[in-house]
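You will see chain A twice below: alongside chain B first, and alongside chain C after that.
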Partner chain A sequence: MRSAPYLLCVPALVLFAGVVIVPLAMTVLLSFHDWGQYKGIEPVFILKNWQEVLGDSYFHEMFARTFRIAFFVTLLAAVFGAPEAYILNRMRSPWRGIFLLVILGPLLISVVARTLGWALLFGGNSGLVNKALMGLGLISAPLPFMFTETGVVIALAHVLMPYMVLAVWASLQRLDPQVENAAVALGAGPFTVLRRIVLPQVMPGILSGAVIVFALAASAFATPAIIGGRRLKVASTLAYDEFLNTLNWPLGAAVAVLLLLALVAIVWGANRLVERRYAQVFA
Partner chain B sequence: MAFLELERLTKSFGAHNAVDGLTLGVEKGEFVALLGPSGCGKTTTLQMIAGFVEPTSGAIRLAGKDLLAIRPARRGLGIVFQSYALFPHMTVAENVGFGLEMQGVAAAERRTRVGETLDLVGLGAFASRFPRQMSGGQQQRVALARALVIRPQILLLDEPLSNLDAKLREGMQIELRQIQRTVGTTTILVTHDQAEAMALSDRIVVMNQGRAEQIGPPHEAYERPATPFVANFLGKTNLVDGNSVRPERISFAAFGLAGTVRTRIFQGNHWLYQVDTASGLVTVIRQNSGEAMPGEGDAVHLAWEGRA
Partner chain C sequence: MSRNGPIALAYHALFVTFMLAPILVVCFVAFTPEGYLSFPTDRWSLRWFYAIAQYPEFISAFWRSLWLGAISSAIAVGISVPAALAIARYRFRGREALTALFMSPLMIPHLVLGIAFLRFFTQIGLGGTFAGLVLSHIVVVLPFALRLTLASAVGLDRSIEHAAVSLGASESVVLRRITLPLVLPGLVSGWALAFINSFDEVTMTVFIAAPGTETLPVRMFLYIQDNIDPLVTSVSACVIAITVLALLVLDRAFGLERLLIGRSAGHGR
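Moving on, here comes the complex of A and B:
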């Protein structure tokens, strides 16, 4: 029964092919079809959609914004998430659990509820933070948050922070606690220990966290849809609009496939970089 | 006045005293071992000298100066950790050079001293390796080089050989002893291995429940143990009629304490006997000189010096 292992794989393979490969292949095919306002989708093979997506500055702006937002979200998540993980790792028993829950909190709350919360805090004239700041006389006009890139970046960074914290935490737990003492005994101050000893060792964790956060931020839909709205489209909300509002499915498919290809290229490149850089040092 | 002085050093964790009023003087250039079972307070003592643990009370003085007033990073002690605690992202040369870099030693001099120290531990050819690419014994030497290169006032060794296999450990013991003699650094070794402590040190401090049971040269502690705990911890011992007798001091004779051999175990260079006597079970160790020895079930007589 040498074929048994292969036969046992069949159900999973069929499921995988059915729900991932086939729809993906159909989306790729769809991006080469033609579409007209009155004729609908025509199953022909043309490059019109791709020429439009790759040539039109409107789409360039959209993709540039998507990756700009993803970049700043990743940066923010790293700058806040890595120290957060370090502090979490040094906490003692009851506090560690409590704060881990606080950090994982965003994952437990529905995107819609969370984003509405952000809107209540920061939105327009009635937002709590703006009201308070204006009440204190610190600002004269409400700070813009809704429908701005800053707003989308902050909200997304909040949502995706747990992925960064967990990735860094995992690499911190592999750290020999004596290593920090060894550096101290050799005369290193606390800041030097962090910069020269701890940070380089958790860098692979930060980078793998960054890859996850970047990919999720670039393909996020709900948060940019609610906070960014129609005025501030990113690649995923653009594809959604093409599919469901304009009904230009082939163009939407081209946008979606391009986003996928760009993300795969970026994630793959980043992984190669991390592996090459750290292969020698870490098993 | 000794070079390093511990005075009534105490560390309490709640109601439990991990170290309980330990007083010890270590002379310059001396090799002292803190020996005891796990939980006896030897590691806590080392960590208090290093500055990673704050004493509850007592004093530590180094060359007459209050060591507790100095931050751990400024104490200038060389420490070899049980896990070696090498920096995995740095090469061997960078690991060893780190302490010199922290002291602000210029790059050229740093290179020279790192090279010299690596030669001392026999790793001159491994400067550009990463720790992961080295064996346990080699990593151990890197840790030793990293501690020695800063010319520490005191070298602290925390169970440095416990992660090595038996054969390698013996080799490293000899090497460690030679290196310590060469550089002449005052050294404190923490270990639970009595053979290691006796092989390496000028004096041993046998610790039990946070207290020093005996402080003295290894052979003295072995020959004249101050307490039953010391006698038992430093090798095997027999209690015969209230006297403590080492198994290798007992010989088979024509007359003496009568008994029957219960078990006989051959261990290469010696024989290990368990003999049933009127005074209880007695352990006897005899050198293997190639002669015929009593077998199991044989009637024997046991004699030793000092027995009437």
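Moving on, here comes the complex of A and C:
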């Protein structure tokens, strides 16, 4: 009987050992291989790709852009998504359920279709976003959105927004409304209640949402590829180019492995920070 | 519970507009009667929907995506059930580590998985094959299947099984007649969520699909990279319509919140 749980896990374990761990190990190994235009991939152990990725200013700039975009996407998602989750939580049924479906539903709609929508909204000088902004008198000349970081940030914030709303929503469900009522009864204004009662309690939700959004934004592919185009390279689109156009697989593998390591470090660090900061609260 | 003020409701309206605008724009432009991207103003036309029929690569990619999603989700559920039962019922050494391992495809960027699978499948001779696509999709949708099967396995009332045993049912009868029917709703919702995620997956698949094994999102992505015309908006509109339909059915059947948050006590905190 003691071996029963292990036997039950065997199919999944075999799958993951064979089709996840082995390929990932092969990719790490691949990043140390040599490559030449004519000789292809040579299975030797060299540091050339890593020296190039870590030393070349082109790669520095590209990684800086990747994380800059991810940072602003996370910021936008937190600043706009968290209040929306709070408003949603205060709605009555059936509106609550309907709008939860409207806001979380896009999560399941194809990323390509959603990004195409932004490409249409941004599209050139006649794009709908520019027309609306000019109509409102906010800008006098059309702003460039296509092929810019601003455009990528806005589209990605839209694509990943549901994750933030979901995370904050989940943490709001654990919140006791009586505490809010108590604060009001003790004479706190609505703003004080938000700042002193609600925000501290949903902060772990915002932070865990931020970690998810940041990790997904830094490794997103379809949206930066369509909105950023071929000129505005991020880590994922660069790796795609190395693999499917230049065919320099070892260099592409080094870019991908470095992105993975950076993300693991950032996510782990953020989780440590959250745990230390909120250890007292949840102890 | 206090109500939302007018400022909150105005903010909410803007937020919903932001969330829906790009999706609605795609659907509107799909009905244009013109040969270029434009909003249909006085006249609506289905010409770009009829035009899809002239592009067999979209049609075949659609069927491929459908089969890929159905098969890989079914296998993922099949693998998840025993694992979920083990994780939900036993306290064994390595339980946490195994759960984390099976959930890891949620954490590993799909870009990295795509690259790893491309290298792996090319080495073992599965490069660009449908079998390779199925294997890779099983891996990425397994966490979704596992989360929901786990949730229903944790919530299962074991006294029903004990009652069956005390009434003389054998182990296999209990499994077939009691346990599996009880976790069935979890299996079906897990399959559905896995299917949708497989159907939409593009980042990983774009690396491993070859001409002839392209899925619908990959075909759409490659098409958009070359040029954006009304054809791809009508294809997208169809995909959106199918997803929204599936979404409404799922919401009715299981509740979207439960599906997405995956209320389970088996993992996480």
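Points to keep in mind about this one:
Everything below uses one rule, namely that the second predicted complex is superposed on the first by the 269 of 283 C-alpha atoms of A that agree within 3 Å, B and C clash if a C-alpha of one lies under 4 Å from a C-alpha of the other, contacts with A are read in each partner's own complex, and residues count from 1 in each chain.
As a convention for this text, a residue touches a chain if its C-beta (ideal position, glycine included) is under 8 Å from a C-beta of that chain, and two chains touch if they have at least 3 such contacts.
Please read all numbers here as calculations on a predicted model, not as lab measurements.
Partners chain B and chain C, brought together by superposition on chain A, fit side by side with no clash. Once chain A of one complex is fitted onto chain A of the other, the partner contacts of A:Q178 are limited to chain B, with no touch recorded for chain C. In the superposition on chain A, contact of A:I266 is made with neither chain B nor chain C.
By the document's definition of touching, of the two partners only chain B reaches A:L186; chain C does not. More chain A residues lie in contact with C than with the other chain of the pair chain B and chain C.
In the superposed model, A:L194 makes contact with neither chain B nor chain C. By the touch criterion defined above, A:L247 reaches neither chain B nor chain C.
When the two structures are aligned on the shared chain, A:S236 is found in touch with chain C, with no touch to chain B. Put simply, the nearest alpha carbons of chain B and chain C end up 9 Å apart when the two models share chain A. For the contact definition in use here, the chain B contact set and the chain C contact set of chain A share no residue.
Residues 1-4, 8-9, 11-12, 15-16, 18-26, 29, 37, 78-80, 82-83, 85-87, 89-90, 92, 95, 98, 101-102, 104-105, 107-113, 115-120, 123, 135-136, 138-139, 142, 146, 196-197, 199-200, 202-203, 206-207, 217, 220-221, 224-225, 228, 232-233, 236, 239-240, 243-244, 246-247, 251, 256-257, 260-261 of chain C are the ones touching chain A in the complex. Of all residues in chain B, those touching chain A in their complex are 50-52, 72-79, 81-83, 85-89, 98-99, 102-103, 130, 132, 146, 150. Note for the complex: chain A touches chain C at residues 2, 4-13, 15-16, 19-20, 22-24, 26-27, 30, 80, 83-84, 87-88, 90-91, 99-121, 123, 128, 155, 158, 161, 166, 169-170, 177, 180, 215-216, 218-222, 225-226, 235-236, 239-240, 243-244, 249, 252-253, 256-257, 259-260, 263, 267. Put simply, chain A touches chain B in their complex at residues 176, 178-179, 181-189, 192, 196-197, 200-201, 280-283.
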